[in-house]
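First the structure, in the form of structure tokens, and then the observations on it.
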Amino acid sequence: MTELDSLVAPTLTFLIFAPLLAGVVALLWPRGLVLDLLSISLGAISLVLLVPLSGTVMGQGPLLLELGGHELPLGIPLYVDGLALAMLWLTALTGLGTAVYASGWLRSVSHPSGQQYRVLWFLLWSGLNALFVSGDLFNIYVTLEITTLAAVPLVALARGREALSAAMQYLYFALVGSILFLLGVALVYAETGLLALPELSARESEAAGPGETIALLAITVGLAMKAALFPAHGWLPRAHAAASPPASALLSALVAKAAAYLVIRLWLGPFEAAWTPAVAQLMGVVGVLGILYGSLQALRQHRLKPVIAYSTVAQLGYLLLLIPLASVVAWQGVIYHALVHGLAKAAFFLAAGNLILGIGHDRLVGLAGCDRVLSKNLLAMAVAGVAIAGLPPTGGFIAKWWMITAALEQGQWWWAVAIGMGGLLAALYVFRVVSFAVHSPRPWHEEPLRETRHGLNRLLLWPPVLLAAAAVALGMTGELLAPFLAVGAPEVSP
Amino acid sequence: MMEALQDHPVWMAMPAWMVLSSLVAGLLILVLGEPYQRTRVVINLGAAVLKLVLVGFMLWGVGQGHDFEFRLPLLPGIDLYLHADSLSMLLATLSAILWLITTVYAIGYLEQSPNRCRFFGFFSLCVAATMGVSVAGNLFTFFLFYELLTLTTWPLVVHRGVSVALRAGKRYLAYTLGGGGIFLFGIIALYALMGDQVFTPGGFVDPDLPPALLIGIFLLLLVGVGVKAAMVPLHGWLPQAMVAPAPVSALLHAVAVVKAGAFGIVRLVYDVYGLDLVATLGMNHVLAIAAAITIVWGSLRALQASDIKQRLAFSTVSQVSYIALGVGIGSPMATIGGLVHLVHQGLMKITLFFCAGNLAETHGIKRVDQVDGMGRTMPWTMAAFTLAALGMIGVPPIAGFVSKWYLGLGGVENGQYWVLGVLVASTLLNAAYFLPVLRRAWFPRADAPDRGPGIHEAPLSLLIPTVATATFALGAGILAGMPFSPLQWAQFIGEQIYGVAP
Amino acid sequence: MTGWLFSVTAGLLFAIGLYGVLIRTELVRRLLAANVMATAVFLFLIVVAAETPDGPDPVPQAMVLTGIVIAVSLTAFALALIRHFRAVTGESDPEGGDDD
Amino acid sequence: MPVSDLLASGFDVLLCIGLLWLAWQAITGTGLFRSVVMFMVFGLMMAVTWARLGSPDLALAEAAIGAGITGALLLNACRAAVSEMRSDEQPLRDRPSGVPKWLALPLSLAAGVGLAWLMHSIPRDGGPTPEAAIKAAETHFLDNPITSVLLDFRAIDTLLEMAVLLLALVGARVLLDQRRLPALYPVPDHPMPMLPSLLAMITPVLLLTGLYLFWAGSHAPGGAFQAGALLGALGVMYQLAGRFTPTHEPGTVNALLITVGLGLFSLFACLSLLWAPAPLSHPEQGAYALVLLIEFALMLSIAATLVLLFVGSRSLQLRRSTNHPGGRQ
Amino acid sequence: MLTDWWTIALVTVGCAFFLAGTVGLLRFPDVHTRLHALTKADNVGLGLICLGLMIHDGTLPGILRLGFIWILAIFAATVSAFLIARWHESAGTED
């Protein structure tokens, strides 16, 4: 077991097991205030712990920690590289923001199952952290199950018929998806006798046997159903639109992304030998179709939350573009996009939640005149939308620049055009939503000049604003974060 | 002592402070919120004055040949690089002066309207973007501020919130974001080929790349910049954007946005490709012809426009292409003519928009045929309007004449006599769409509705800026010979570009 | 050992389960089909475990044990959701077709 | 002895045919109750299959959890479907799903045959993990290789799996918070004549077997899951006999029982850093006792969670045994 | 060798009883008679098989365990038969 500096094991242990213990505490001691303080402090501590962890990953390259001290291939390894690190940061930041928002939201709506929400969040959080650092195929299956079984109740948390039927549809998609994933794991184990990702990717990639290829197919279809990638996206818009604001922020920013993260993690790591460039182009096409379909659908919606949900379907398509463009620059670009999209999407949903709280319903037409009452909220939502569309001052632009550079450097210019188109379409549906809010039916000088401060308590306002600010701040730190993201990038083509 | 000060990093990073001054002001105003009316005015004017002082220092410094640059690493191998050279000071000075004047005008204009916090916040952010465009040192930074300009101007175009404004905003976005996408594609292609290059006089693109590729990239970049410079096929958004409040259409659509596009064309030809490479590729003729078509087309459409602001908008479309024409011709005199027109057109057009604003604000006059007898009712406004209109036509003492004169000389110098034809035709067309307005204002027909005796002028806060810009336009024409006049500065830039005194 | 028989059965069971998931819209029946598919994968894993050269390999058996517990938790939650879904809507399939 | 091999393979063939036929009936059967019963028999047959394939642990687990608890839950669903069917609703009509039959049948058939061929053709040549596992299991302080894998080599899988079980319960509670559905097994006004006596006889047997299974888990087939499922079955019997009254007030004992498994295991994972560089590693001495403690906690949690999932209420109170009829509070 | 013969004989007779029970289940007209067939025939069949296995096993714990299983099965059979009959009465439905 490679000699790791003293802080890595405690950090990883904290990230995975502390939220579990917090979940147990939440079940035993259901006092709301205590649980909110617990979730916020856990979020803060994990952010603090991530800093030295990033330093170590930066210094020593990808970290490998064998659980229980058992050498591979028997034990389960935890594997942390640039991609996993970025996802951990995303989970911590979005988690903290959503936790603060949820504490305010649960009180302002006096939701009956506040305790349940906090337990679900703690367990979801530990499942996500485990998923991002896990280096074992079956372990990833178990963590996927945790995220699903925590996400479906989060959807069902929003009372009403639509939430229940959306949760039902989500559960069935996820159920079949996880069985397909399990089939893939079984085939890989039968064929290679290995489960650990580092071992699988370290094999000298001679031609993969039929079992491995079918396994890759099964795993990809399974994950596509869980991440609602284009052909299998039916459930996501209904589920994310029906869920309550903090829940849909978590679902869109983290849960859907975890499954998409796994697609690139498995395609570029252990299953590298199982696909040919032609297949990679096909995956790229699926990604682009997802981008175009999601964006066009988002342009057609009449309610606010389905627009954001379809935007998630679209933005997840970008992750698949990493497969045909498997260069280091593309790796950095796609991870950066995942990071920025996570933060911005969470900000978008939370700000949308505030607007809906303000006007009572989420029809786009009803947003008119919202700019005067909830102006700061609207500004946060607009900035988050700009980050999703990848326009300059925000981190989204840096990610888009990286991805287009990677596409042009490898001569696959068509991906660059697709990325550009995706950005434009995203800008269109973002500005469509904002123009609904800015629209004031009567000419303004007849409008009575009243600035009603909406009774939005501070806890609901600051998370979206800070998350949107983080998405913009990422625009400035491209140079700073580039070496972190490049750790563990596949040295495929230059 | 001055030398020690010169290479002190804080002094060197002057362009950054310039951009930051209005960026911070804008953000502060947005964060403050609506009720802080007085502090907002203080912040606005303070930032404008501070910017003017900074620009003055830089103008003096660049004149002495000092070097101002600021570098912030944003991407591995690519930096946010701000570098103030003579060309950037041209646009920076113009924007700084006009921003101060327009802020005063806007405070008066939007007296009781809602959402002023949002307006002034994005207003100063927009000027920060223009400053950024002017001092950008490489294509990446240029694009970053170029797109920021789009983002910050959109809220101003849709400020009124009425559905007409929203439609205009949607069209504006479609054009600018579409153009921006193409521009980004071209920039990244250049970066993929050349890596991170700084704007260098004579261009940094290496000539022995395959010409087809070079032309392709040039066209991509030209389209990207052409959208904002409102070249003919891409000008659709400008007349629509006139639905915005007067100060917005004055500063943004006559000066900031449109000039950013023209400035982009100048950078592209002189500092990215370099004149001789553009000539060898034959792109200068393409540019010149496109500019000529835009000039004539803009003037013709202006003729038909019955709404004052529409007419001024189409006049802007044609006037901005003078700059492109100067760059397209490529001779030293034509370049100086084009560059100096960048300033002159700004001064004249902003005066015209201010007057249109005054007419609309005090008397609700929006159409040309309602202007009868306004000479008597609003003498100062109409006087400024007449002076600026004559300048646009090219009547000698006013600024417009200087740039047309140099453009003509440039055309003759290069043996391209058709340029003279274009200039004469456009002058006649300018006269055709401005003179009837003047006639109606000063010599109303008998059956014109009687406006009643006495003068009913626009409020002072609107009048002073109008008169100020009119005098600037006149001064730029008369005092063209003075050391720090726009013409001298254009010649100074010409020297640096051609390396020889014209 | 008749390992081949069981692996073929596993494949066919998976087919039956997949057919059930695709065809049935009635919620409980679909859940049964999903469980049959899961059992098929478990059967394949255990066949692989049984036929590893020297002695049954404990790792797939542990995986299947974990899988069974996860399957039962998913089934339990799905049944609870079905019961509440039917109580709320009276429908028996999520699309609910005519109502939304 | 070719005869016994012949008989054995004959039995296997029968078993497989039975499995396939039962699965087919369970899915394409008409009545829901009939499908559920078919599925339960399918579960039992799977338990026999696991035994045939040389993994008795799984046979126990499948019988207790797969056929037992899942069967009970499914019967619950049938009872709910029948008892809560409103007058206007037709009996569980089955609308054609999106996928047409002519497409689904060939598709799944092709997938099945392809998979069958693939599963058969993959060479069974073991690999690094099986060899390492089998070699390590011999020297491990736990004699039962499966328990050694579950609680030591791949301990995090078991831990996270407990989280999944807990999540299922929390998810069910989310639904309960929104709408209190009528209890499926209302407490009968007069106790059932035969059940209490059976209960009195069964309780010690099940308790004994459960504890034995838990104890034997470390060196013979058995373990926390099987024992937990058995105790869960005992709990279900108590509920059916009306000895538990389901309530919606949060019960502290219930909460403790549910969370003790996950809580103790996570605590162990964190504390293991004290004596080892990596989490979830067992100390040199006292490891056996620690494993037993964790397994006991897991058993309690599994039993409690399964019972609560079956009953579908927030918590349960044990009512005093009322053998004499009419002695009801 | 003798014990093997005894085991085979007892197990076959036990299976015969099971067969009889199953035939009874299929042929008998109503619930009650079918219950009889199941509980009576199968329990005896199980007893015989257990006996056969006891002989085959021979060890004391094995014998005790098999006997215990048989008693447990009888208990379960009687209670469930009673419950089904009672439920059938109360529900009064044909099913």
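Note that the chains are named A, B, C, D and E in the order they appear, and that numbering of residues resets to 1 at the start of each chain.
One rule holds in what follows: contacts are C-beta pairs under 8 Å (C-beta built on N, C-alpha and C of every residue); 3 or more make two chains touch, one makes a residue touch a chain.
Owing to the predicted nature of the structure, the values given are computational and were not obtained by experimental measurement.
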{"item": "Shortest contact path, subunit C to subunit E, counted in steps", "value": "2"}
{"item": "Separation of subunit E from subunit A in steps, with touching chains one step apart", "value": "2"}
{"item": "Most contacted chain pair (by C-beta pair count)", "value": "C-D"}
{"item": "Most centrally placed chain - per-chain CA mean versus overall CA mean", "value": "A"}
{"item": "Farthest chain (mean CA position) relative to subunit B", "value": "E"}
{"item": "Distance between the centres, which are taken as Cα means, of subunit E and subunit D, whole angstrom", "value": "26"}
{"item": "Whole-Å separation of chain centres (CA-atom averages), subunit B against subunit E", "value": "99"}
{"item": "Rounded Å distance, subunit A centre to subunit D centre (Cα mean)", "value": "32"}
{"item": "Residues of subunit C touching at least two other chains", "value": "14, 17, 44, 48, 59, 63, 66, 70, 73-74, 77, 81-82, 84, 88, 95"}
{"item": "Shared interface positions of subunit D, touching two or more other chains", "value": "114-115, 118-119, 122, 124-126, 129-130, 133, 153-154, 157, 161, 164, 167-168, 171, 175, 178"}
{"item": "Multi-chain contact sites of subunit A, meaning residues that touch two or more partners", "value": "74, 138, 142, 145, 149, 152-153, 156, 183, 189-190, 195"}
{"item": "Each pair of chains that touches, named by its two labels", "value": "A-B, A-C, A-D, C-D, D-E"}
{"item": "Subunit A - residues contacting subunit B, complex", "value": "371-372, 375-376, 379, 386, 391-393, 397-398, 400-402, 404-405, 408-409, 416-417, 420-421, 423-424, 427-428, 431-432, 435, 438-440, 443-445, 447, 449, 451, 475-476, 478-479, 482-483"}
{"item": "Subunit B to subunit A touching residues, read off their complex", "value": "30, 33-35, 72-76, 112-115, 117-118, 140, 143-145, 147-148, 150-151, 154-155, 158, 160-163, 166, 169-170, 173-174, 177-178, 181, 184-185, 188-189, 191-192"}
{"item": "Subunit D - residues contacting subunit E, complex", "value": "192, 194-195, 198, 201-202, 205"}
{"item": "Contact footprint of subunit D on subunit E as seen in their complex", "value": "72, 75-76, 78-79, 82-83"}
{"item": "Interfacial residue positions of subunit A with respect to subunit D in the complex", "value": "1, 4, 9-10, 12-14, 16-18, 20-21, 23-24, 27-28, 30, 65-71, 73-76, 112-113, 116, 119-120, 123, 126-127, 130, 136, 138-139, 142-143, 145-146, 149-150, 152-153, 156-157, 159, 183, 187, 189-195, 199, 209-211, 214"}
